[in-house]
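Shared between the two complexes below is chain A, which has chain B as its partner in the first and chain C in the second.
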Partner chain A sequence: MKKWLNRLASFFSRPEHLILVVLLALLVFLTLVPLFYIGLDTFTVHSAEARRIRGSQAGDLTLYHWNYVFFERASKNLFYKPLLNTMLVSLATCAFALVVGGVFAWLVTRTNLRFKKLLSTLMLFPYIMPSWTLAMAWLNFFKNSSIGGAPGLFTGITGIATPDWMAYGFFPIVMVLGMHYAPFAFILIGGILRNMDANLEEAAVILKTSRWKIIRRITIPIVMPAVLSTFLLVFSSSMSAFAVPAFLGGPVRFQVLTTQMFRTINGVNPGVGYILAGLMIVIGTVILTINQILIGKRKSFTTVTGKSSNISLVNLRKARSPISITLAVILIAISVIPLFTFALQSFLVAPGDYSLENYSTIFWTGEGSPDIASGEPGILKNKYVFKGLWNSFSLSLLVALFAGTVGILVGYAVVKTRGKRGSNMLDRLAFFPYLIPSMAFGAIYLSMFSVQRGFIPSLYGTFAILVLVGTVKYLPFASRAGINAMLQLGKEIEEAAMIFGVKWWKRMVRILIPIQKPTLISGYLLPFISSMRELALYILLVTPSTSILTTMLFQYNEKGWDQYANAIVLLIIGIVLVFNFVINKVTGASIDKGIGG
Partner chain B sequence: MKIRVVSVLLVVLLSLSLFAASPELVSAAKAEGKVVVYSITSRIKNAAEAFQQKYGIEVEAYNLKGFELIEKVSKEVGSGIVGADFVIAQDGGRVFGELIEPGYLINYIPPDMADVIAPDQQNPLMLSTITKVFLYNSETYTFPPATNIWALADPAFKGRYFFKDPFQEGVNMNFLTMITREDWAQKIEKAYERYYGEPLQLTTENAGYEWIKRVLENGLVLMKSDTTMAESLGIRGQQIDKVGLCTYSKVRYRDTKNLALLPIMGMEPFAGFYYPSYLMLVENAAHPNAAKLFIEYLLTEEGFTPWSDSEGTYSPNPNILPYPGDNGFNVWGNILVGEDPEFLFENRIDVEEFWNEYAY
Partner chain C sequence: MPRIELKGITKMFGKVAAVKDLNLVIEDREFVTLLGPSGCGKTTTLRMISGLETPTSGEIVIDGKVVFSSEKQLNLSPDKRDVGLLFQNYALWPHMTVYQNIAFGLENLKWKKEDIARKVTEMGELVKISELMARYPSELSGGQQQRVAIARTLAPDPRVLLMDEPLSNLDAKLRMEMRSELKRLHQQIQSTTVYVTHDQLEAMTLATKICLMEEGVLQQYAPPLHVYDSPANLFVADFIGNPSMNLLELSVNGVENNRWMLGDRETQLVFSPQENGSLPKVGEKVFLGIRPEDISLSLQGKTQASIYSVLPSGMETVLKVRFGERLLSVVVFGRKDFLPDTPVGLHFEGNWYHIFDGTGGKLLATGGLSLE
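Moving on, here comes the complex of A and B:
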């Protein structure tokens, strides 16, 4: 007994062991246990359902939800069609993103395109902007009057009414998500193209292989793993997208899994929503696990050293300037026009009337009167907007602080105990939240924490639950950064300090962290910006007093108060861009270096 | 003579005391210093402003959608979180079952109002009756483009009928449920005969269901917001040829947003529907006195100003007159579909299922 206690004491005398055990326990509680409760919730009668399930009481066990999702008359519209829509949207988005991002990557790395640096920077813009801002821009520009809302700018300028398929539903959702994720394909595929051994292509050139054949037989096979990886990441991201299909699909009743999940959990049948959430978790986990396996394999053969540096670029000849200029114009349009439409719309009083006397600052600085947007004061005079801004900001800051710090600890514990079973487990657990679609993650926290669980009181309606869900959801960004940073550090540095008897926390704060500052800061930055623009993760958990900017934006949009919505979009984009820019300048880290999302 | 003077004096005194909150309540409310309200009507923010100025009590007023309000209140009170002090709720069917029955919401009638407001509007206490009527663009048409609800299911009207998403706002589902009640179904059947001159061939349970189904199959446009609907219907210079079942009070945007909107009062067999909004205390209110004071204030002429300033919203306080130019509720009540809580409780789920099958 004593011997055993001694061993235990000596095991925990090493800080990495203590951290490992504590973090493992915490993460099991915060990621695996909720899965159990959400499972339980799919078999439970909720208070809103007591009337629907005849003769039942809230809290009873039931198979009703499972039956209802899969085998009822309503199943087709509730589940099967949205599932099909989700799959089609995700596939088409992948195709669009891969083609656009891939071709762009090829042009930048393999041809003598002009203004490569400018174009590469511009290309990242649609990815830095939250995807739903592009959706709103699309509506501002292309909406038509045949399905509600005054006509958009496009009709206002050209007089041509946009057809429904162009304004709402499948097509715009794919365009917007595709445009948002194309940069992602560009980053991944471009990275491979830039780093791959060009000797293979050189050899082919020497053997007088045609350009097309080189692309087909050498370039594409080499970038295939990156393409596949992009495909999977984009697929799972667009599958879990909520705001874009909600904004663009709503008017024509185009439903996907996330919008149905929101409708049912927030409405009269939460049990069904939890089943949808569970299904999305399963699909997301499978897809991203495949991706992890692929990445693991790829690592073993892409680290080729001594690559040839002067690869011969394809000469675009006469097409060089036209292509470069066209690309620049398109990219500038995609980056600037949305901002322009937000600004424009936020000053417009009577909808659809683009004449000059129809502009007013009432939605920015007005006092609010009942006959315009029901007395809502302009957003610069609106205490609720300021509260939302403050909530968004402090939420993101806290999420970044917690996630970033825990990420460092995860990195430390995982690397120091490398090779042991616990280390592997912690590594996987810390990455696990990444596999779960945002809204489903919000749903499981709703299910877990809306009642008292053991010593933890009900957290619903508190700010703490938002911080908690954000921290755990974005921990993967931070733990990746933490693990990478710690991996790069030799053991000797810390050991030297240990010999001198330097305390653990001092070793961390004075030695390890300062050395790896840039990498670790990105572990703080990514959670901050992601949280700042997040909607789907928080929307099920906010209450009126904990509203954040994005959920307010969603509400304004639902109410049809477009001017306020557009003004808030400008506010959020402003904050995200400024932070990205500042931190990029200071540390070199940037959101576009992230692992998707 | 003397008696007359006394009675006049009495009446004057009475009416003075009628709308004056008791000093104890005012001071207790001021001591609390703050009140939080969740409301389905956005104009609460104007009332909040006025209330704050009058009493110096800080108001946090949140405008929520019907389903959000029910969800948030039941979750918050159910898990012991202090949120709202009182609510302005709608969708009686769900509010009764999910909020009142578990005791999350408590009815409170200001003592001064007990004699003023009709007894059947006191439990739960009503803030207002809200009407939704068929609206059309009065610039495009001099006469209403449709005067029978079956016109909306006719191929000529494909994609031209706007309706609010009934899952976003439960009162619309209540309306759909009500028209499947036998008496309304019969009226709808008769209206069909008058419109087409031949009897209706049913493919569903009754004419109410039949109308819902045919309207859905005729490219019904679901809207998320009445504001958007009013703007889409009323915009000038676009030759808008739509009809929408829209909150009547949205015609208040006429001038500010330059909209051309008129109701179709002669629509057969109904011109729309109406539903009550309720004022109720929350069980775990942190500022109950301030909430009581605000509730009382909202029932006075002064407090109701944001709503009485336009058509379409009617106070249960008979001293508050309808907006000039609008009909009294007694006129509207006759041509609109009302809510029957018992019928809704029994049948709404069936209609929801029916709707699910065709709508999404």
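Moving on, here comes the complex of A and C:
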């Protein structure tokens, strides 16, 4: 017994062991235990459902939800149709993103396209902006009056009423998500193309292979793993997208799994929503696990031997200038016009009327009058907007602080105990939240913390639960940064200080952290920006007192107060862009260099 | 004064033993090299002495003080062992200047400000880096970084100096230079030094004693020339020396007092042991070890071999000689060159030929050799 205690003491005398064990316990509690509770919740009668399920009381066990989702008359509209919609939207989005991003990547790396640098930068823009900004822009531009409200700019300028299929539902959702994720395909495929040894292609040229055959037999097979990986990432991201289908599909009742989940959990049938959440977690985890396996294999497949600059570029000849200019115009349009429409819409007193006397700053600085939007004051004078801004800001700040710090500790513990079982487990657990769709992650936290669990009181409605869910959800970004930073260091750097008896915290603060500052800072900043623009993760958990900017935007949009919504969009984009720019300048990291998603 | 004792040290990584039951005594002010191929456990041994690695079992005593004992559940941290450790990749802190790198450890040991300044200056002079104090490690050449690392290690006056392949990241010329500097330093500071290397030349030239290891097991622990002249077993014989020793597998055809007849189908040799050790039995297999420089060649007279390849380097010439079906390495000194396929005679002079046990590989006898 004493020997055993001694051994325990000597095990924990190493800080990395202590951190490892504590973090493992914490992450099991925060990622795996909630999964158990959400499973349990799918078999439980919730208080909102007591009347619906005859003769039951809240808390009873029931199979009602499973039955209702899969085997009832309502199942078709509740589950099967949204599932089909989700799959179709995700597949079409993947196809769109891959074609656009892939062709763009090829043009930039393998042809004599003009303004490559400018175009590459512009191409990242749709990804840096939150996906719902494009959706808002689409509405500003193409919405019609068939569901009530004013028509968009397009109709305002041309006088042509846009058909429903173009304004709402499947088509615009795919266009917007596709455009949002095309940069992602560009980054991944372009990266492979750029790093691929040009000799592989040149060897084929020497053997007198035709240009087309080289692309088909050599280039495409080599980029295939990247394509597959992009496909899986884009698929799982579009599947878990919430804001875009909510904005664009809502008006015509085009439902996908996420919007259904939101409706049911927020409404009268949470048990059903939890089943949908569970299902999405399973699909998401499977897809991204396949991707991880593929990435693991990819190493042995591509021979990346560094940049080879003297590759002969395909001459676009006469098409060179037209293609370059067209691309530039489209990309500028996509990145600038949305901003312009937000500004424009936010100054219109009566939506849809684009005549000059209709412009006003009432929605920015107005005091609020009872005849407009229930007397809501302009957003610069609106205490709720300021509250939301403050909430968003402090939430993201806390999330970044916690996630970043825990990320460093994860990195330290994982790298220092590398090769041991616990190290692998912590590595995987810290990455696990990444596999779970945002809204489903919000749902499991709702299910876990809406009631008292052991010594933890019910957290629903508190600011703490938002901080908690954000921290865990964005921990993967931070722990990747932490692990990379520690891996680069090598253990000797720390051991050189251990020899002098430097204490653990001093080794961290004086040696390890200062050396890896840039990488570690990105572990703080990526969670910050991501949290700033997040909607789906938080929407199930906010209450009026904890509203943040994105959820206010969602509410204004649902109420049809377009001007407020647009003004807030501008505000958020401003913050995100400024921070992304600062981060990029300071550390070289950027939201588009995150793990993706 | 520090004398280091390792008693029955074993280190397991999972189910693999990195070091097996190692017993080693390093006397005060000795310069001992731990030598062996990569993965033989030499670095692990060094790290266990430093306290960065914890042995699975055994006891380590430094200067009469038990610093580790698996039985007594005792394990002193590195800073309480009074050791200095020089890392292979120097492990200089890139965000600190040379001065800060050297001073940081002293600050941590709660030295007074003026003592630190004095010591850093002294160290700078000792390893000749006084003008570099304000620079960052990335602004230094490899050799200068090495010197800074040495200064940082020596600054707190450790009585035991541990070095882990400190010269392997330097180019050949610089390595030669630093080697002699290290030897001079050792004489100057008079600390007990343990030095890990896989480079036998380094081990031979620097050490007062070599500890040769293979797969975690001590093979031989003796002064360099002793290791060279009477290798304890086949592994040592093969590892030490460049080009390596010729090892011929032969059978014992007859043993009469001072003449052992060795041979196979094409070769017959007579070995005369210096002292009568254990006699091999007739019919047994043994290995005959011949150092390349212990074969001399003659162009006149009876010839038994022919030149296969010639690698002249000026000071010496390394040859391969075809002897029956075997190729023997031969080193001849001086400016010599030969034409391939020239017939040559082989001569064995001196008494540095070894017979190893055919099964266990243990050294059986050392003595003279002649052709039948």
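General remarks:
The working rule: the second predicted complex is superposed on the first by the 587 of 597 C-alpha atoms of A that agree within 3 Å, B and C clash if a C-alpha of one lies under 4 Å from a C-alpha of the other, contacts with A are read in each partner's own complex, and residues count from 1 in each chain.
Rule of thumb we're sticking to: a residue touches a chain if its C-beta (ideal position, glycine included) is under 8 Å from a C-beta of that chain, and two chains touch if they have at least 3 such contacts.
Note that the structure is predicted; figures quoted are calculated from it, not measured.
Contacts of A:I157 after superposition: neither chain B nor chain C is touched.
In the overlay built on the shared chain, the residue A:V502 is in contact with chain C alone; chain B does not reach it.
When both complexes are overlaid on chain A, the residue A:P514 reaches chain C alone and has no touch with chain B. Look at A:A343: by the touch rule set out above, it reaches neither chain B nor chain C. Looking at the shared chain after the overlay, A:K559 reaches chain B, while chain C stays out of its contact range.
In the superposed model, A:N6 lies in contact with chain C only, and not with chain B.
Set against each other, chain B and chain C touch different numbers of residues in chain A, with B touching more. Of the two partner chains placed by superposition, only chain C is touched by A:I493; chain B is not.
Within the complex formed with chain B, the chain A residues making contact are 47-48, 50-52, 73-74, 77-78, 81, 145-151, 250-251, 253, 255, 260, 263, 266-268, 349-353, 368-377, 384, 450-452, 457-458, 460-462, 543-545, 547, 555, 558-561. Residues 3, 6, 10, 490, 492-493, 495-502, 506, 510-511, 514-515 of chain A are the ones touching chain C in the complex. Across the interface of their complex, chain A is touched by residues 50, 52, 54, 73, 75, 77-80, 83-85, 87-89, 91-95, 104-105, 108-109, 152, 156 of chain C. Residue ranges on chain B touching chain A, taken from their complex, read 36, 38, 41-43, 45-46, 49, 60, 62-65, 67-68, 70-72, 74-76, 78-81, 83-84, 94, 97-98, 102, 159, 162, 167-168, 221-229, 231-232, 235, 237-238, 240, 252-253, 255-259, 306, 309-310, 345, 349, 352-353, 356-360.
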